[in-house]
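Listed after this line are the structures, all set down as structure tokens.
One chain, chain A, appears in both complexes that follow, with chain B as partner in the first and chain C in the second.
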Partner chain A sequence: MVLKIFFPTCCNTADSGLLIGRWIPGQDSAVVLAVIHYPFIPGQVKKYLSETQNQSQVDLAVLGSWSLPKDGQEGMDSFLKDLSTIFPNSRWLQLSREIGKRGFACQVVHNRITPPDPAQGGTDKKDQIIFIHYDQRKVMLSQLHPIHEESPGEESSELRAVFHTVAQSGPLFLLDRYDEGPLKLTHWQSEGREASIVVELSKQAVFLCLCMIACVFVILNIWPVQFISSKMSTCVQTAYRTNHFQTVFSTKKATSHMEFMRKANIFVSFLVDMSLGLLLVSWLYRENHISQLANTLVKLSLYRFFLYHIHLWISYIRLMSPFIEMILWYVGLSACLGLTFALSVLSDIVALLTFHIYCFYVYGARLYCLKVYGLSSLWRLFCGKKWNVLRQRVDSCSYDLDQLFIGTLLFTILLFLLPTTALYYLVFTLLRLVVVMFQGVIHLAIDLINSFPLFAMGLRLCRSYRLAEGVKFRVLCEEPGTPLHLMMEINPLKCSSVLQRYRTPTYSCYPRDSWVDLCKKLFMGELIYPWKHKTTKTD
Partner chain B sequence: MAEKNEFTDINGKAILLDCQNYSSFCREFTVSSPKVSLCKVIVCTCSVWLFAYAVFFVTENTAVLSSAIIITLVGMMMHIHLVKVEHETLLIIGSLGVQLSTSYASGRESTTFIEMSRIKDIVINEAVYMQSIIYYLCILIKDSGDPNGIASVVPLFQSSKPRLNCLVQVYKSCQAIIAQTR
Partner chain C sequence: MGANSGPGASPCASPVGPWRKVLYARQPFPDNHVDRRFLEELRRNIRVRQYRYWAVVRETGLVAQQVSCVAVFITLWSCMDQGRLGPSVLLWAATGCALPGYGLYEMLGGKDRERPRLADLQSAAVFLAFTFGFSPVLKTLTESVSTDTVYAMSAVMLLAHLLSFPYTQPSPPGSLSLNAALFASVCLASRLPGALHTFAMLSWALLVFALWPCLLHRLRERAEWSFPWAAGLVCAGGVGGLGAVWPGGALLLSLALLVLTLACPLLLVCLQRHKDNIHGPWDEAEIREDLSRFLS
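Up next is the complex of A and B:
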């Protein structure tokens, strides 16, 4: 049988002592977590192990002994043999290493309680051993994908069991060889403790003040307000962000990895959104950009639609023009709430300014639609057929002479009016499509800013070991006669997988019609609605 | 110990198989594809630039020339980074798993590791490829629901496509290790 021992790289140069770790059930492998140095009292070791086991829910055991003989420490062999009787286990590992050599020597002592079964081959075969070196800190912080949320009582995958064991053994790593205490351990913390008092203090402060801000937001629930606010993208965006506030600043700590990543993504994307908005504000309020923008908007609304303008609309704009600059100044301040907010305000302004185009489009479309239906029905009359509503098909029908006469007359009239109506419809539809495209682009940009997982991408780029797709093995050059040594490294998740898994869900949904359906609708004169928002259904 | 053998791939080009025996249950097989040939690069570049010069001659626009240079450079970089495979490696470690690694001409390496508990078997399969039938080595992955079923098939040495004689050598070593350590 091949025995696999997962050995942390931080213990490669540790002083002689006892190996603490876990035997993975069902597999022939062991994970070494720490080394307890001589001198120690076996009773205290057992007490410490049972305490840590209660705290961390990982069944720790003494796996064996580790010897790295330094000067003046000869004669360890007999001492090591005695230890296997004090810590009873089915297998006892005796690992040793000499300074100057890179390979380890290992001997496995089997303490069988029952004698070996002769039917299974009698004597023990010589165990073949693989040493797999792993970076303890990285494996502890890493999250293996695909994420299995269920509590792993029975891990069928060996690697998952190893990652889970190291991640759960946090309480074991609190005591160090440099601490004053009965036991001295070596693990990843021995390479240098990581803590920053600034980070801890700031975490407490941010938490408190943002809890207060979350309570300030109030959502109006009256029906007319709700209807209008569902149409205006500004209000939808505000509601979306409020939801996010509640998620991020809730007092519950994130229990699982996915919840933590979602919170972190929302927080980072909100910060970036605010900073972009402030950047926009700082650019807008410099060098008279506001007045330039106001002038362009006034010009657009007056010149472009000169021939098709209703007098009311012209006079309305003329009345508003001295105030537009001031309105824009105050509205521009809303960009402080984030770039997405500014973009949704822009989208709403465009919708309001082009409301007359929307009205003309609806009139033109309805007229054209009526005309097309009328023409098709009268054409069927001309051919002697009729549309059967019950059977949803075309049937033959015998018409009276006067019906035929009037029908043909109407058909001719509609036919000659068709080019005019079609042209009006074409022009208004094209204008409406231009506006819808522009709004669509803005909404795409907002959606991108809302859903892009910035924290996850940052984590993937800067600390790629945190998100693991799998592992990589590298054979370390060995000396003949020593067991095989492998180096286990973490294989980070691909960037496309990161985007796919950690996208924040947004409120927009993409159009259900394909291009062919769209063209059919345009030809028939049916109204086209811009992309709808996903409405939250309440029972 | 390392052993180098020369074989050919399905198109007739020479490939190199390198077997490294780290231990009785750990072996590494590396199939190296032939390198980018200088003639092909020169022919491609010259044809693109001649075409660009002809267009420049007609239109008298210098942007054509600079865009041709940029296109050639970007195209070559994308080719060696994304397309051109230098060698493919199979590292089999008894009772631990199988590691597949592809290294590209620009130095990029893409690695996957499949645990032994997920592997049902390593077999040589036949496939209809254009107008011919070729052999390829693949790993059968166990299905978590059905104990006798196969969830997926992972083909090996996709870019180098060695012939049957090379595949048989790799297959025999893999089967020996799997049988020994199961």
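Up next is the complex of A and C:
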């Protein structure tokens, strides 16, 4: 039987003491979490263990003893053996190491009802021991993928159990060497606890913003405002960001890894968005760019044609042109709220300016659709057939003389007017598609900024051990007669998996129809609404 | 399994009796065995009709007169196009032909009327109003189309009309043939100088392609003797009219009519003796029952 002992690298040079950890149930392996040094009082050790066990929900136990004799320390062996009676357990590990040598020596004492075999030195013939060294800090901060939401005690694999144990044992690592307590421990944090004061302060300050955001949210829920705002991308983006503020700045702490990652992603992407927006603002208000933009927009909207609508439009623009620069100045300030906001505003401006193209497109499409429908029906009359609505098929039919006559005349008229109508429809549709494509590109950019998991990618690049896909083992020391020593290193998650897993769900717009459906709709003259908005999932 | 009698054995006699043409009884003959009654139910050419030459020539008159109708129509269009006839003249001529024709139709009709006279009047009013209202539109319909295209389209449509004409039952005019003829007439009429020309042309198209076959059919039914004279009159009118416009065309038309009327029936009668159709009990069953007793 092979016994696997997960040993933290920080305890390799720890002074002699007791090994604290957990036996993985049913797996014949143990995770060593910390070493409690001599001198200690067994009662205090037991009290401390039970307190920590209550806090962390990990069933800690004293696994055995650790002996690293420094200069002048001799004769600990018998002392160590007696300890097994104080802390009763089914198995008692006796690990020892000599300074200068790489390998450990290990003895396993089985406490059975029958008297144990006299430990004559050397390992039990049946027990083979493998030491797996792991970096405690990295394993503690790491999250093994694919993520399962399991209750403790039912871990599906040994590796998952190890990661879970180390991660849950946070309360055990709170005592460091500067604490004036009865117990002295060695673990990854024993050289001094890490703390982030900044995070705590900012959390308190931002609580105030939450109240303001809640008010805005209430206003946005009134029905007429809701209808109009669902059509304008600016309002959609605002609602989306408000949702995010609520998520990020809620005082409830993130309970699971996914929630934490989501919060962090949203926060980081919001910061980047703001900084890009401020960058845009700084460029826009320099060197008269606003007036240049206003001029270009006015010129663009003047170069359209067609009839009475154009005339109205031209008058309207002429009326507005002195005000456009001022409006643009104030609207440009909205870029302070983020680059995505500025892009949404641009998309809305484009939609408003090209509204007449949309009108013409609808006229042309409806006429063309009617014509195609009429032509197809009259062609069936031409051939002497009829559409059977009940059976959804074409049947032969004997028409009356007057029906035939009028039908043929109308068919001829529609057929010869087809090229003109088709050409108008083609032109308007192309213009509309150009506008729609432009808006689609803007929305894709907004979507990218909204949903890209910057925090997760940063984590993957800088602290790759936080997101673990698995582990790999390296042989440290393999000598006959001594146990095998392996070094456990964390395999980070692939970048593509990071993107796929941690994408923030957005109201992304994606094409409603496939290419074939789109072409069919265009051919038949049906109105196309190519982008569909996914509604945000409410948690 | 099966009979062991080889090819030299006597085919009919066997211990169990003569061979029966059944598959459900095991017989000592091979599966492909046949006896002397093989193919005695085969019949040849039982449906071959014995055509008499002059009867066929008489029936061919219908096809010939339809071709001549098309020729008459083209003549009228050509005359209007070249300006020889004014539209008002044609309109009066149309009225002059339509009213006697309707009277003749009524006389021959007798007691049975499938449509009341009011419905006929209503139809006529609808035609006239519609055609008159749409003739300005129809006139400018093919302005953007080249002349060659218009002629080609009309030719194709008139050919389709001749090919799809229901020669066996011409009285309710077939949809495709009538529609093709009307389409061709609209195409041609749109090339004429004025809206009234278009109206006149369309009225004549209606008369020639829609109403004349009904009258002809009524004539055949009631007064069999007059049919050859009517057909002959139409053919003569076609040839003569075409001759006034295009003599070469008249020659071609008369040649075509002769071939159609005289040579084709000869061919039909002569080729009958080369027919070789076999019939037998293996044919698909045809239901000859009279189902009219279910329709009360």
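We take it that the second predicted complex is superposed on the first by the 479 of 539 C-alpha atoms of A that agree within 3 Å, B and C clash if a C-alpha of one lies under 4 Å from a C-alpha of the other, contacts with A are read in each partner's own complex, and residues count from 1 in each chain.
The rule we apply is simple: a contact is a pair of C-beta atoms (placed from the backbone, for glycine too) under 8 Å apart; a residue touches a chain by one contact, two chains touch by 3 or more.
Quick caveat: nothing in here was measured; it's all calculated off a predicted structure.
In the superposed model, A:Gly470 lies in contact with chain B only, and not with chain C. By the document's definition of touching, of the two partners only chain C reaches A:Cys383; chain B does not.
Look at A:Asn54: by the touch rule set out above, it reaches neither chain B nor chain C.
Contacts of A:Val2 after superposition on the shared chain: chain B is touched, whereas chain C is not. In the superposition on chain A, A:Ser156 contacts chain B only, with no contact to chain C.
When the two structures are aligned on the shared chain, A:Ser496 is found in touch with neither chain B nor chain C.
Of the two partner chains placed by superposition, only chain C is touched by A:Leu409; chain B is not.
Only residues 123, 126-127, 130-131, 134, 137-138, 141-142, 144-145, 172-176, 178-179, 182-183, 186-187, 206, 210 of chain C touch chain A when the two sit together in their complex. Across the complex, chain B is touched by residues 1-2, 4, 28, 128, 130, 132, 156-159, 470-473, 475, 478, 483-484, 486, 491 of chain A. Interface residues of chain A facing chain C in the complex, by the touch rule stated above, are 381-384, 398-399, 401-402, 404-409, 411-413, 416-417, 419. Residues of chain B that touch chain A in their complex: 22-26, 28, 91, 93-96, 99, 101, 111-113, 115, 117-118, 181.
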